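Two complexes come next, and they have one chain in common, subunit A, joined by subunit B in the first and subunit C in the second.
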Partner chain A sequence: MSDLGLFFAILGAALAALVAGAGSAKGVGMAGQAAAGVVTDQPDMFGRVLILQLLPGTQGIYGLLIAFVAMNNLGIIGGQPANISLLKGLAYLGACLPMAIVGYISAINQAKAAVASIALVSKRPDQFGKSMLFPAMVETYAIFALLISILAISGVGAIQ
Partner chain B sequence: MAVLPMKRVLIAGLRKNRKQMLELLQRQGVMEISIRKPGETATDPVFTLTDTTGIRATFEKSITLAGQSLAVLDAVSPPENAGGGLFSGRERMSLTDYETNTKKRDRIMDMVYEIQSLNKRRLEIAAEIPKTESQLEAIAPWMEFSHPLDFTGTKSTRTFLGALPNDVPEEAIREGIGNDAAAVDIVSHSGEQTCIAVTCLKKDAEAVEEALRRMSFARPAVSGDVPAKQKEALSVKLERLAGEDEELKKKIAAFAPRRDEIRFIADYFRLRSDKYEVIGSLEQTDRVFIVRGYVAARDAANLEELLTTRFDCVVEFSDPAPDEEAPVALSNNGYAAPVEGVIASYAMPAKGEIDPTFLASIFYYFLFGMMLSDAAYGLIMVVGVAVVLAKNKDSIEPGMRKTLKMFQYAGIGTMFWGVMFGAYFGDLPQVIMRTFFHTEIGSLALWCEPTLQPMTVLGVAFIIGIIHIFVGMGALAYTDIKQGKVMDAVYDVGFWYLLLVGAIGILLNTDMVGGMFGLHLNLPASVILVFEILAGIGAVGVVLFGGRDSSNWGLRIGKGLYALYGISSYLSDILSYSRLLALGLATGVISSVFNSMAAMVAAPPVIGPILFTLIVVVGHVLNLAINALGAYVHTNRLEYVEFFGKFYNGGGKPFEPFTENTKHYRVSE
Partner chain C sequence: MPEEYIYAVARVRGKEQKLLAAPVMDSLVSAPGVTEALRILADHGWGDGEGTDIDGMLADEREKTWSFIAELVPDMSVFDVFLYANDYHNLKAAVKESARMESRDSVFIRGKETTVDPELIRRAVKDRDFGALPEEMQEIARDAMDAILHTGDGQLSDIMIDRAALIRIAEAGKAADNEILRMYAELTVASADIKTAIRACLMKKDKAFLEKALAPCDSLDIPALAQAAAESVDALYETLERTVYADAISEIRKSPSAFERWCDNLLMDKIRPEIHHPFTIGPLAAYILARDNEIKCVRMILSGKVNDLSVESIRERVRETYV
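After this line comes the complex of A and B, so read on.
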């Protein structure tokens, strides 16, 4: 049974990196298409639209971060895998889920806002400051999820 | 910390001085000139207005042509300092140089036209080359055919030239034709097609043609002379085109030494086009012209002196009317001014609002620093900006300078929090000591490590948030009082202060919230009572006065209750500051991910340390870039949403002086 605990814990870590990363991959891709379209006509917009394209990429990084923290706690990275109970393993899985799920959904919706903002900047380059804010609003929820996942993982680590 | 006071200005000058006066104003760049809207008429029938749209259109065309020629020239012969001048602004040009160059304008435009026509020919060649190449390709299967391609036969024979789909053997073709008297020559064959020449007697021609058609015989896409001759002619043509293109390239490249003249001419027409926009807005008589606009009060005396000493003119200043929306410019001290760009990209202060720059700047560097929080990253930002500023100190544009300064100060904030959290490229010092020297040096944090004590840092993040929000509310009270609405300040800010302070006090004493942060205050009942009374007064005040714009008491209380419900938005505002911890953690943890990856490969001698360095350098460059972007975006968000949301709407019209709106040169006296 102890192996099963470790299995669920690693599943959680993997899901955080996988699902949030998939969301960011999709999101950055969507925004990249819009950005490339703008650069066709306005090559000098490259710097601005690149920043907007990158905004939905942070969820993937947060997912990676959670996966890393979880695996570090489990001793998978550079150490002996810890022997943990099934309950603890499931708790790790649960702790990773906010980042995985909210990361995925927020990355894609942030990308939609980023695409719209890229269109905005292409027509009104002076509105770059504001255009960055719309996607950033969505990211708030990814940050909350990140926070809860981190706090939960460190909390679970303390369970015996 | 202020919105610059503006003066209305009216200048009346002589027509003969119009050019010099306007150019002086343009170079000074201190006055916003009121531009006439389409359809607007003169204020007095004495004056006439000039329509300059036609002449401006020709200037704009010249600007476009010069820009295109410059792009053509840059493509053929790239400028030497390409990309190096990312931060360097426009080059300075003295007035004498400007005037010398102006005299050469026709010759420069001749060059622009010349480059345009050379490039036009290059475009034609660029279209012709692939056309010729495809002709060569089409003729290739017929190379073995020794007669002209439009050969149809002799006096008594007919020859059919064409292709059959797929690779068809000779026997199959003969069989398909079914005429022993017909001669079948296979000119070439490949997987896709078989090119054949079928010769038959004239009398059999129709039958043979019909048979061929059944086999999907298709006439060749090419015709004309003997293929070998055609090929030679086409090859010669290709060579000639390529040669001509090279010649044209050389001719265009020969203009490279005069590149600066093209840059100049683009700027020259930009200046003239802008000037004629102003001329179109002038009220004029035969001898006199009048220009109106705004100037910052501090520049007024200077402007008047400059104009009146050089020209016969009248300069009049007046204060804007109380209800007039004068354009807004900001003026701040060296600490706050770099943040002006952040304010401008939100909105300029509307009439009666305060300039939020200074208040925003107090928090800006601090919040940014807490989110990036790495002493080494901060140092890189501080030193990097210093180097860029030193390298471009003569030419850098003021806006770019401010932005860079902002990142430099944010770098200082980052260093501060990095030292607090003990992050120097994350945990790189510890990793190096552990990996190469097998020593544990422990934490370097001056205060605490967020990864080890997240709840402590989260608590501090909330406290910073509460202070930020309270300062924002204070700014609303200040604005209200400045506008004479003292009671509004009490109702909208005072009661909320009481309510929030009371509520926070009560919450911290509860097991749930206090326990979360490891606080077990167990405040004496009398203190709790004080908090409860504060919260009570605040809540009652909000309910009674939150809906004071309604005269119906029932409606007023209802609205007041709804206003009280707004406390939930304060809760979510404060929770939003948890991003200070989250983004700080992100920087730290990603750093340690890269550091651990580097440590894993560090074991082998020589190659190990090299790989270690490589991973560390690449990893931290990436981490700095992505997290600096995140810190920038989210600092802006906290300022725009949580902070400005409390007191600042904006909506003022930014001050846009009549100035040299050029790309390459800045003309100065």
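After this line comes the complex of A and C, so read on.
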């Protein structure tokens, strides 16, 4: 049973990195296509659109962070996996899910906002500051999920 | 997949900035003469400002549009709905050319603006090898050829081919998975039907003729339209009053060209929201239509300037712009 607990805990860490990372990969790719389209005709826009392209990439970083924290708590990074109960393993899985799910959804939606903002910047380069805010708003929810996942992992780690 | 067109839409966003906006159109209309108008156009990348070949300049602009879109879209067949009218125009020309044994080389539309090579159409019609044509064109090509050979009436064959073209456009519109393409097809067929009904009504054509000439479409009750057009102009207006084209009646009463302008403006109004859509093929379709509208306007303005029409008279004909 203790192996099963560790399995679920690692599954949680893997999902946080995998699902949020997949969302970011897709999001950065979408924004990259829009950025390339703008730079084709307006090469001087490269710097501005690059920043907008990178915005949906943060969810992947948050997912990676959660996976690291969870694996550190589990002793996997140190090479000495902890012996944890099934319940604790499931609790780790649950703790990682906010980052995995919200990370994916927010990355895709942030990418859509970034694509729209890239179009805005291509037509109105003077509106770059405002155009950054629209996709940045979506980031709020990824940060909420990151916060909850970190707090939850810390709480689960404290369970004896 | 809407994401398929993200790059293409971003490229279109850049090109939209180079479209001739309303103030530019206004300055073209207000230009004292064709030389000044051509100079304004040259400043916006149209032609060399010399004006030796206006038709060539406009053809170049059309070619630029389609070359640009071809760069962006791997499968251009999604835009066939815009090109079928040109294919069927070529079929009409080929049928008349073959029946009258005279070369009409200059009337054929060539380049990227057709889905079928005009030379293939010419050869197929000349050799009566209709099987060489796309399946949808075979029957109508055969029937139109028979009609012109038996009656000698080029207008009859034109009407038959025009109807076939409209049916093809309507089918392509229904099969399209984009609202802009569907709306374009519906509006094209409906406006053509209304124009045909009015012309036929004024020429006192009977209901049987109208039923042969009008193509089915969703926004018009074609049997009712044919019946009304066979009766009187007033009956026709009453029938149109009950359709979504009721607002067009005042324009129809003015002239066919006023109605055409109303249709073009309606199309621009409907596609304008695409300026803000970052995904889907809609902005690309809207850009093609906007360029087409722009070229049509420039043609009208230059033709007005060449023929010394007044500024007011030219302004009445100019359409609304996309940007």
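Just so it is clear, the second predicted complex is superposed on the first by the 160 of 160 C-alpha atoms of A that agree within 3 Å, B and C clash if a C-alpha of one lies under 4 Å from a C-alpha of the other, contacts with A are read in each partner's own complex, and residues count from 1 in each chain.
FYI, a contact is a pair of C-beta atoms (placed from the backbone, for glycine too) under 8 Å apart; a residue touches a chain by one contact, two chains touch by 3 or more.
What you see is a predicted model, and the numbers here were worked out from it, not measured in a lab.
**Q** Following superposition onto subunit A, is the placement of subunit B relative to subunit C best described as a clash or a fit?
**A** These partners fit in the superposed model.
**Q** Contacts for A:Thr140 in the overlay, against subunit B (first) and subunit C (second): which applies, first, second, both or neither?
**A** In the superposed model, A:Thr140 contacts subunit B only, not subunit C.
**Q** Of the partners subunit B and subunit C, which touch A:Ser122 in the superposed model: first, second, both, neither?
**A** A:Ser122 sits against subunit C, while subunit B stays out of touch.
**Q** Looking at the overlay, does A:Gln42 come into contact with subunit B only (first), subunit C only (second), both, or neither?
**A** The second partner, subunit C, only.
**Q** In the overlaid three-chain picture, which partner chain does A:Phe7 touch, first (subunit B) or second (subunit C), both, or neither?
**A** Neither partner.
**Q** Taking the superposition as given, does A:Tyr62 touch the first partner, subunit B, the second, subunit C, both, or neither?
**A** The first partner, subunit B, only.
**Q** Of the two partners subunit B and subunit C, indicate the one touching more residues belonging to subunit A.
**A** Comparing touch counts on subunit A for subunit B and subunit C gives B.
**Q** Once chain A of both complexes is superposed, is A:Leu151 in touch with subunit B (first), subunit C (second), both, or neither?
**A** first
**Q** Which holds for A:Met132: it touches subunit B only (first), subunit C only (second), both, or neither?
**A** first
**Q** Report, in whole Å, the shortest distance between any C-alpha atom of subunit B and any C-alpha atom of subunit C after the two complexes are superposed.
**A** 7
**Q** Considering each complex separately, which residues of subunit A are in contact with subunit B in the first and with subunit C in the second?
**A** Subunit A residues touching both partners: none found.
**Q** If you look only at subunit C, which of its residues touch subunit A in the complex?
**A** Touch list, subunit C to subunit A: 3, 6-11, 13-17, 276, 278-279.
**Q** Taking the complex as given, what residues does subunit B use to touch subunit A?
**A** On the subunit B side, the touching residues are 341-342, 344-346, 454-455, 458, 575-576, 578-579, 581-583, 585-586, 589-590, 593, 596, 599-600, 626, 629-630, 633-634, 636-637, 640-641.
**Q** Note which residues of subunit A are touching subunit C in the complex, please.
**A** Subunit A reaches subunit C through residues 30, 33-38, 40-42, 112, 115-116, 118-119, 122-123.
**Q** Along subunit A, where are the residues that touch subunit B in the complex?
**A** Against subunit B, the touching part of subunit A is residues 51, 54-55, 57-58, 61-62, 64-65, 68-69, 77-78, 126-130, 132-133, 136-137, 139-140, 143-144, 146-147, 150-151, 154.
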